[in-house]
Structure formats: C-alpha cells, structure tokens
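In structure tokens below, several structures.
Each of the two complexes below includes chain A, the first together with chain B, the second together with chain C.
After this line comes the complex of A and B, so read on.
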C-alpha cells in the first residue's frame, strides 16, 4: 500500500483512537463509573458502546455523502451558515473545556504519584509544551508516533492487569447486576460521553487515506476500546472491591501495589513511562483536532501556528480549579453530562437534515449514473 | 546554515537534559533516611501518639566484599507526635537526613493502642500519605512498639529491611501469621462484612512458658533458648471495624489461612494424633493446599447453611507407631483420621468466631454474594447478622500423596 503524503492509514488512525479513548481506563473514569454502578460498573462501557453505535452509525452515513470533507464543513453545509457556525462553536467550546480539564487531571496524577514537590504549573507547562510541539508537526507525525508506541502501551497495560490478578478475587463482581438492571441502563445512557471522542475523529477524515479506512477503523476501535475499558474495570473491581470508590486513580494505585515476585518490587516506573507517552500522544492529537476546529471555525488556513497559543489558553483554563476534587467531583460530571447529549443530538440532526434535503437520494442517483 | 541548525539542536538537547533531574523532586540517596519499621503507641498526652521510627543505614551490607563501614545497621528514634506524617518533620530534629516512608516494610502497633477507639482514626492517615505503599505489613506487638524495636536484635540479618522481609514471608508461608498487608486491611474495612487478622509479634518472652504442640503458641510463648533474637512472629490479632478485639493462636491462624483462599500458603508441617497408638502419639505430616476451597451456601430459610469443602494433599513424614502403610486398611484409617481431625479443628474454630467474635475473620462473605442479584438484596440479607446463626459444615477432602520413605518396621532385638 502506498502512502499518500500528509495522510494517515488505518493503523495510525487506530493507534490514535486507542490511545485517545482507551487511556480513559488509566485515569479517574473507573472510579466515576464505580460510584454510579458499584460492582456492575464493568457493564457500562459495553452497554454505552451499544448506545453510541446508533448516533455514530448515522454520523458515518451522513459523512459518507461528503467524502474528503470534515465534520465542520458538513455541519455548515447542512445547517446553513449561521446555525452551522453556532453548532460548531458549541462543539469547539465544549472541547476546550474537555481538553483543559482532562489535561489538568493528568497533571494532577503526575504530581500526586510521581513528582510530589514540583509545582503543578511547571508540570502542566511541560506537558502542554511537549504536546504543542508535537501537534504543530501535524497529524502524520502524531500518527507515526502513536503507531510506534501503541504496542508497548497495550502490552504493558495488559501486563499490569495480569499482575493485578494475583491479589484479586473474582467474587467481587457479584451480585452480578449491581444496583439493578434498570439503574444500569440509566447510568449507561448518562455516560454517553465515554466515547464522545469518536465524533471528533470525523474532523480528521480528510487526513485519512480513504473513507473506508475511517469507517473500518472507527468500528474496530469502538469495539476494542469498550472491551478494554470493561476488562480494566473488572480488574480494578476484583482488586480493590468496595474500596475502589475512594481511590481516585485506580490504575496508578494498582501499579504502585503490584510487583513481579519478591525480587522486583516497586515496578511502577516501568508503566509510568509508557503511560506518560500515551498521555502525551492523547493530548497532542486532542490539541491538533482542537486547533483544526478553531481554524475551520474562523477560516484560518495555517491553523498549525495557532497551536502554541491555544495550548497556553487551555493551560490557563485548566489551572482555574483549585483542587482536583473540584475537578473530578463537580466540573467533570457537568461536562460529561453535556458532551454526551450534544453529540447525540448533533449527529441525529445532521442525519435528519440530510435525509430531508434528499441528499441520500442524490447520492444514489450519482452512484447509478 | 546547516551548521547553525546543528548547533541549535545541540543546545536544545542540553536544555532538555536539565529536565532529567526531576525539577523540585530531585532526590539524593545520600540525603535520605529510609524508615523500615514504624511503631505506633498511645501517648501519655490525650489525642497524641508515640511514634517510633526504625531507620536503616543503607551503607551497611550494601557493598560487595564487605566495605569498610563500621556504622551500625540501624537507628531507632521515638517521640510523641500528633500524627505519623508530620512526625517526619519532627524526626529531622534528631535524624540528620531527610526522612522518607517510601521503603516502609512494617507498621507495628502495640496491642494496647490497637484496642483503642482512637487508633483507626489516626491510622486512616496512611491512605493520605503519598509515600507509604499498601503492600506494607501491619503487625500487632504485645509490648509497646517502641520497646519492641529496641529489643528486636536480629543476630544474622542485621539489616532491618531484609530481616522483616524474610521473617514475614516465611511466617506467611508457614501459615503462622496472616498476610496482613495494609491493602487487605483497608479492603476489609471498606467492605465492612468481615473481620481482619493482623500478625502478632513480640520481642519479650513470657516467663515460664508452657510447652505446647508445634503450632498452638502465641508470640512470646515459645520457650526458645540459645544465642538468638527474642523476637517471635506467631498468631494473629482480630480486628473488628478497625479495632482489635481478640487474639488467635498460631494453630487457629493456620486454619484460617487454609480456609482463606486469598492468602498464599505454601506447604505446612503439622502434627496429627496417630490413630494407631493408644498413648497419644502424634505423627508429622506435610499439608499442601494446591486447589481452592469449594464453598456452597443455602441462604434461604431461617438459618443459612454453609458447606465448605477443603481439598488437601497430605504427605506423611513420620510414623511413630510403626504401622505398615502398605496395607489398604491402614491407609483408609489414617485418611479418615486426618479428615476428622482437620474437620473438628475447623468447625470448632468457626463456632468460636460465631459465638465469641460474632464475625468471620476472613472474606467468607464474598462467596455469599453470587447468590444475590442486586446489591439491595444482599444488603437486606445482612451478612454480619446472618453469619452468627449460620449452620456451617466443613468437609475435608484428603488425598495422601506419600506415606513416607520407610515401609518396614525395624527389627526389635530378641523378638
């Protein structure tokens, strides 16, 4: 397969997707889900993935009408100049907060577990600086680096999981339905934001080698990530049992606890390094997509030059919450409850408008001609 | 132009190298004092605790070929403090280096303080501290923790971290002490359905101790003489909701460890009454637990019924009554005897936990969970209450893998 310049193939796309969405298992998402659904929390990613399937399917269907166009141009085309602009602005603003809060969470993790004395601003600045540097290089570089480390990241994640099983008991998963079946369905529908990043990938369609790659990659990534998230939560529930509700970052607590035999205790540094690289890729890609949105929104062609400025703004927004508690107990739940429905509504509206405008019929005609 | 670029890149590398020091978190091994053991006692002052720190000297024994250091391998310091985290700073007025809990191996709490209501409130600070790892062990000492560390003077393993690591690991493998990591302690506490066992230790021997069977001792009761360290690790302390309520002997602790599948018990050596002798002889056996227990429960009805099946592999090592084990009949007798013996031991122990402790000292409630569909139903069942009136049946599946090396009796003179 020949690679087109400036474009990424399916494997790079998959790597970015897995690193961006799959890394949720290593931050505070398992705890947030556990607080909602107790020991049945592991079912939520799978049920949510099933829920996400519908809007994502509609979105991909709509996007297929306009190959080589990204989400924002499609929105503006379908919803008109003004309404389209506002919808895009809304999505952009939500993502600004999302990236700011997420990067702050990662900074907090690094500080809490590894660099206790370093001021948070310094860690944050280094994190954003590295991400800005990477993002400015463009999507192709991000894709290559993501593909470089994806195997290490996934392998080490599973190594950590396997080591965790030494001290866990499978009985923690029972009672099997946790808080009850209805409650589970309710919580799953409230947690649509788990996979909201997938909608953002519709923005980089023009950078992906072919539309088929995008479609295929998205489905593979969705299935894989929901399983990985689910497995991760099962492992944490079996390891921590009821005390998981009080552990902010279970992955990092777990890697500090596990050891390879008695001869290799304290092995967290092995996992930390790779986790850090995965986190860098995650925010680099996130930053790139955000800059892309901004450029599209305000018609700026060389949006790469905006990245350092945007990174600084995100750093400032991320520094606003005083403590990590404000962040993960107050601000993030609000954001999570907004993101999910927004993407649901946007993708369904887009599909409906396309249907009403008869775009699908045109396409068929064009296809038959 | 190219030269300029290369120089710029090189400069960038040098700048990045500065980051490698870890900014504010730069640490010098030379500058650190690692606390290996932490002792907690009640202070004379109300609301305060007495903190004892056992610090290891990293210079001793670390050099190959026995480097020239003549320093002592450890340093012990005790003082009153509000909590053991801020005590790190107070400790620096005595200790020259920066005190760190990163390599903490054992936390020793005196029995007196563990029975205090205040204890758990102070002890919860561990979860807040960023240095302490949850694989550190919790031990309860008979005497004051400050005295315990001073009296504990290992003769062979002078380096404290190695001493505690080996002592604890082998104790757990023998089953004399429970695997009482902080991780399990807090997990049990949060679960709130079972009791927790912490290892029991002392460095003060009892006066005129009785001679008992091989595993019926508590720490301090074994009358060991010779040129040795007085410290003994055997038995366990029972914790209910983070407060010590009772003690278990080494034998009881062993039985709990056999019942508990989440501990890592290897093979243990026990004495079992010999069925072929009239004058109470006992034969030695190696008990191996390679498979998990099977637990079945019938939780409907007034009295819940619990059936526990323990699969054990047994190797008979000694044969004091000189029985011929090649005969099938004798094999059957000894098999039955072992099963009955272990069964009564366990049932007696579980009865004791039901009536005396009013709770089970290992995570038995975990097996009950799968009989419920939702958490609400499980909570309504109320394991803590139901366990006390439960009807427990223990069955031991004995498989004898070896009857010993010798088959024939020695010939008696004149017969």
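After this line comes the complex of A and C, so read on.
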C-alpha cells in the first residue's frame, strides 16, 4: 500500500477531530450549557448533534461533487467570485475571533488553576509559540502527533470521569427534562456552534487520503464527541449539582476535587499534562486551518510562512478582553450565536445552489459514463 | 529575499582557502595506462609505484617458469597475504613444472585466478592482498586471491547483551561478517554488492539485501546517496553513518547501528538494506524507525508475555530516564500540592539543611552521574571496579552527609540513570540523555507547563523526522500495513506482514491457514 505524501489517514483525521471538538468538555462549555438548560444540559449535545446532522450531511453531499477541493474553493466556485469571497472572508473573520477567544480561555485556565503568579502574556506566548511551530510542520504531522496521544487523552479523561463518580449523586439529574422539552429543543437549536468545527474540516479534505475517509471519520467523530460531551456534562451535573452554574471550568475544578485513595489527594497534574497536550494540538490544528483559510482567501500558496505572523495577531486579539468574565459571559456568547447560524446558512445555501445549478445531475451523468 | 542578499555575502566570508599542492597528474596518468609486454618495463613501473625497496613489506620475486622457459615475477604485500598459499599454489607449480603447457591457468593450482591489464586496477588489487604475476611477453597480468588479513576472531557481543539467543557479534573482517549473515539466510537472492566510496583510501562498502524483497526505488536512493559522497577517506561505518543521515545535526538518530548479525538478518528479511564495511565490527540498517531503535532482539527470542514485559519495562524506562529529574524539579518547585503531605514533610525535612535550590542539586548530580558513566567507560579494565566504589560511596553517601545533596535527589538520579541504561541503542541512549537536560531546564523555568511546551514540539519534530523517506514513527503513524510489532508484539504466528512503509516486493510473510 502506497502512502501519498502529506496526506492523513482516517486515524489521524479522527484524532484531530476528537481533540479539537472533544476538548470542549474540559473548558467552559458545560457551564454555558448548564446556564441555559439546567440539569438537562447533557441532552443538548445529543440533540444538537442531531440538528447538525442535516447541514453537515448537505455539506458533505455538496463537497462530494468536488473531490480534492476544499470548502473555500467550492464556495467560490458555487457562489461566484465576489459573493464567494465575502462569504469566505466572513467565515475567516469569525474563526479569527473564535481561535483568539478560545486560546485566551485556555490560557486563563492554565493561569487560574496552575500558574497563578505567572504573567498571562508569557503563558499565552508559549502556547501560541508551540502551536505556531507545530502548525508550520503541516497537517500530516499534526495528525501524527494527535494520533500518538489520542488514546492516552481519552483514557485519562474517562479515568477522571470514573473518579468523579465516587462523590456524585445521580439524583441531581432529575427532573429529567430540566426546563421543559420545548425549551430544550430551543436551546439545542441555538447551540449549533458546538459542532461548528466540523464545517472547518471540509477545508482539509484535499489533505485526507480519500473522500470516504473524510465522510466516515466525520460521522464517527460526530457521534462519539456528542456522546463524550454528554457523558461529561452528566458527570459534572452529578458532581456539582446546581453549583455548576457558578463554576467557570468544571473539568479543572473536578480534577482538583478527585483523588485516588487517601494517599494521593491531589492528582490534577496527571490530568493537566494530557489535557495541555490535547489543548496544544487542538490549537495547532485550528491555527493551521486558519492559515489555510487565509492562504486560500488571498491566493497565497506557501501559507505556512504566515503562521507565526497569524499566531501573533491571534495572541494580540486574545489579549484584548480584560478579564475571563468578559470573555466567557459577554464575548463568547455573541460569537457562539453567530457561528452556528452562519454555518447552517452557508451549507444549506451551497447545497441549494449546487442543486439549482444542476451539479448533482451532472455528477450522475458523469457517474453513468 | 533576505537569503538572496546574505548568501553571496556568506560565500565571500567563507571562501575556500587556496593551498599550494604538489601535482600528482603524472601518477594518475600512469595508472590509466595498460601494462606492456616488456618484462623490464613492467618491473620498473611497479617498483616505482610501490617505492621498492623503501617499502619494506612489498615483495617482488623474480624467477623463470620451467615449462614455458620465460621470465616472470610476482609482486605482493607480505603482511596481507598467506605466504603458504603463494608457495604451494603458485611458486612450486610454476618453477617445478616440467610438462610443456601453454597456459598459466593450467599450471597454477590457486583456486581463484583472474587477469587484468590496467595498471591502476592491478595496483588496487595488490593493495588488497592479491598476488600479481607478470610473465615476459604477456600483455596481461595474472591475479591470485591470496589475501590473509590478521584480526580478531568472532567473539561475543559486548554492547548488545542478551540472555536468550545467538551470542556472536560482527568483527573487523568483513569476510567474516558476510559469512555470518550468509549462514543465517541460505538463499540465492541474498545479494552482497560492493561499492568503493572514498578516493584515497578506497574503502569498500558492502550493500546486503534480498533481491526479491527490497524495494528497488529505496535501493536506488541509497545507492545514489552512497555514490554522492565526495571524500578522501571514510575510516569506519560510524562515520559513513553521519555522511548518510539526512539530518546529521539532529539529536535523534535515523540509522540503526548494530553489532549483532541476527539483528541485521532479521532486518534484511523484512526488506531493509544493511551496510557493511571493512574494519568495522558492526553494520548499518537503513532505513530505521523509532521502533527499530527501541526494540531489542531479545523481545522476540523470549516467549510473548516475557517479551512484552521487557518491552513495557523499556517503555517505562524511556519515560523515567527522560522525565524523572524534570518532574522532580517541576513538582518540588511549582506543584507542591501534588505530593502527599507526609511525603512532602519528609522531603522538606531532608532538604532543610541543603543550601542549594533543587534545580542546582539535580543538575550537579546529573552531571556527576554522567561523569561517572563516562569515566567508567574510559578507565582501563583493571581499575574499573574502583570507579564504581568511588562513584557510589563518595558521590552518594558523602554528598548527602556533607549536606550538598538531599537523599531524595540521589534516588531520582539513580533511577533516571539506571533507566537510561535500559535503552540499548547507543545513539538513542545519547538522545534521551541530552533531551533530559533540556527538560530539566524548561521544567526549572516553567514547571510542568514548560516541560509539556517542550514535549509537544519535540513530538512534532520527531514525527517530521525521516529516514530515507520513511517517517520516524511509521507504521504507527502514518499508518502502514505491518505485523503490529510496536509497543507490544504478538505471537510470531500472527506476525504475518513485512512493514508496508518499505514497500517490499513481497509483503506477506505467511499466508493464512
């Protein structure tokens, strides 16, 4: 079997996907969801995944017409030069803020929980520096590193979950419907941003060994991550109950709380290590995809050389919010409410345009020939 | 842009110095010529080439061939030939034979005989221990294989010790080394190809591979790489290794160096290519991956559970060797809360009277350990054991009593030092030990965060390393078909594939059922 250079297989793709989207359970997402849907928050990921299925399915269907082309070239091809450019630019700008705010959140977590006397700039700069180095190596190597640590990351995450169950009570989950079924549906539809990264993966299609791998990997990742997110939220609800509302980063509070037996009271470093590695890889991949978008947008072929510059800009944007409070409660909700609908609209529009232009019919004809 | 400006500038600054050298065009021209049929001219030519009689071990013997009644002389290097075989196979036959026979081939009884005409070629053969016979009136020279080089016999492997399995190791005689491989692979497809790599000393390098397994593209890449070497001399295989590597300045090795023929054989049978060289008691295996350095032949000789047990130990040792000291620094300086209170009290108690910060303590002991280790290697054998006593007693016991080091540091250093011995590959061992120091520095700077911020780029670097186009962590990632012999190994019956990254001509070792 011949391996094409610079391409990633399904294992690497799945690892990147799980690390990028799956790590949401370890930041402030569970709290944000709990604030909206109280103790039924754990259902939101599953319902949202079901909602995400439709646009994602349409997107994958549309993308399958243009194999070996990425999302941006498809957008520009279907929507025309000018409209296409503006749509791509919009997606890029949203993602600039998304990566900046997310990386700032992670920096805040590191600072609050582990290095509270270190200046935030230093932590942030090291984080972005590492990511820039990794992103410059290219998607194949990001995938390889992601695959090297994915098993340990997932295993330790579940170990933390299991240890959390020692002190939790299942009663906190009831009443099972939380704020009510209708409210749950409403909140789920508002939280489409949970899985918005999946739309970004359509950008790295040319780097994935085969289109089948991409399709299969995306569905497996979507199902797995929604379950993992939901399990995580169940665990946090059972552990913290109503006080989850006021806990900014439940995963890190939880790992400080748990212990193995009585002799090891503080094992958070164990989880911190693997969490940090996952986070670094997450932002490396995110940074790479962002640079790819930028390169595609402005027709820059060797976009790898832009990565350090882009990383610096993200660092500066991420440093703007004064406090984590501004970030988690004011800026991120705005971003979340924009990302979801944008991707919904973009993918449905793409599909409709392709349908109206008759691309699907052409494909069939080509297939029959 | 910047490079364009700077490159000529650097070139100007680093111009190659000019030397007044003596010209040797005359010698080179001479070597290109063929020998003449004139007996005296040939004799004079070779006497001048070999500086006879200044050069004491080069012998010329003149005589008359009895049966042909023609003058002849033989020339050989007495220190590199077997005098008895010249005596019995050549001289006695030529002088003593009375039957008239037209051909030299039919008179001599030496098992191998060939002819040559080029002066340069003949010179090369003579320096290799071949005896050359010149007959008056003949335009060609007869060469007899009489080489007998003195050297070590086949001994036990010193540096890669195993309990179960073959014990013999390569020695400095390449003939023996090839024989060691041949006797393990009795197959006509095993090819031993010779290539001359350097100009002045004319060192030979031997490519050993199986014709019906090895990927031709890979073989050609390696041959091209060897052909592209431009140098006067390469003394040893370990120097050739540095010439061949893609990144000779990298901390991590990308070619496997082993002295065990059984290991070399197992790689040849997977489709790798092995390089041998005269005067080197080892071989190079190319291409090599992280796994080939990490594994030991014993993993396969032992039964599966035991083999995997030592694999786990080694995997653990890899991490302990690299992270024990940095972790100690990180935890005691940044993450004190992680240590159970009782232990924390104990550590604090022993550190109470030590004046140095823990980073300095660790660094001092690490350096001391490396010193002991290096000293242990270099001391003459008779006083070897003393070093152990000095190291353990003085540095361990006394340093603690003198309040320079706290006892827990001794434990940490001893553990990481011992673990580093478990990584048997010399190059990998160095790589681990040097990265340990890097990790110590970053851990002192930023604790666990610093260590991870170095570890992750380290991983990125490692996965981007390539050995002749093969990724360092193949076949784990990127994935290739293989017998999944990575961190754990399966029973031999299940190991059915040759590694897919080599793209061998025959991937399946054994079919199912």
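Before moving on, here are some points about what is shown:
The rule we apply is simple: the second predicted complex is superposed on the first by the 367 of 369 C-alpha atoms of A that agree within 3 Å, B and C clash if a C-alpha of one lies under 4 Å from a C-alpha of the other, contacts with A are read in each partner's own complex, and residues count from 1 in each chain.
One rule holds in what follows: contacts are C-beta pairs under 8 Å (C-beta built on N, C-alpha and C of every residue); 3 or more make two chains touch, one makes a residue touch a chain.
Here the structure is a predicted model, which means the values were calculated and not measured.
On the shared subunit chain A, the superposed partners chain B and chain C overlap sterically.
Of the two partner chains placed around the shared chain by superposition, chain B and chain C are both touched by A:126. Legend: residue contacts after superposition of the two complexes on their common chain; A:116 is shown touching chain B, with no touch to chain C.
Of the two partner chains placed around the shared chain by superposition, chain B is the only one that A:246 touches, whereas chain C remains out of contact. By the touch criterion defined above, A:257 reaches chain B but does not reach chain C.
Touch criterion not met for A:317: it reaches neither chain B nor chain C. Touch criterion met: A:277 reaches chain C, while chain B stays clear of it. In the superposed model, A:266 makes contact with both chain B and chain C.
Looking at the shared chain after the overlay, A:331 reaches neither chain B nor chain C.
In the superposition on chain A, contact of A:172 is made with chain B only, not with chain C. The residues of chain A shared by its contacts with chain B and with chain C are 114-115, 118, 126, 265-266. For chain A in complex with chain B, the touching residues are 38-39, 112-119, 122, 126, 167, 169, 171-172, 174-180, 240-243, 245-246, 253, 256-257, 259, 262, 265-266. The touching residues of chain B, when paired with chain A in their complex, are 19, 22-25, 127, 130, 133-135, 165, 169, 183, 186-187, 189-192, 261-262, 363, 366-367, 369-370, 372-378.
Partner chain A is touched in their complex by these residues of chain C: 331, 334-335, 337-338, 340-341, 446-450, 452-453, 455-457, 459-461, 463-464, 471, 473, 476-481, 500-501, 503.
Interface residues of chain A facing chain C in the complex, by the touch rule stated above, are 1-3, 8-9, 11-12, 110, 114-115, 118, 123, 126-127, 129-130, 133-134, 137, 140-145, 147-149, 263-269, 272-273, 276-277, 280-281, 284.
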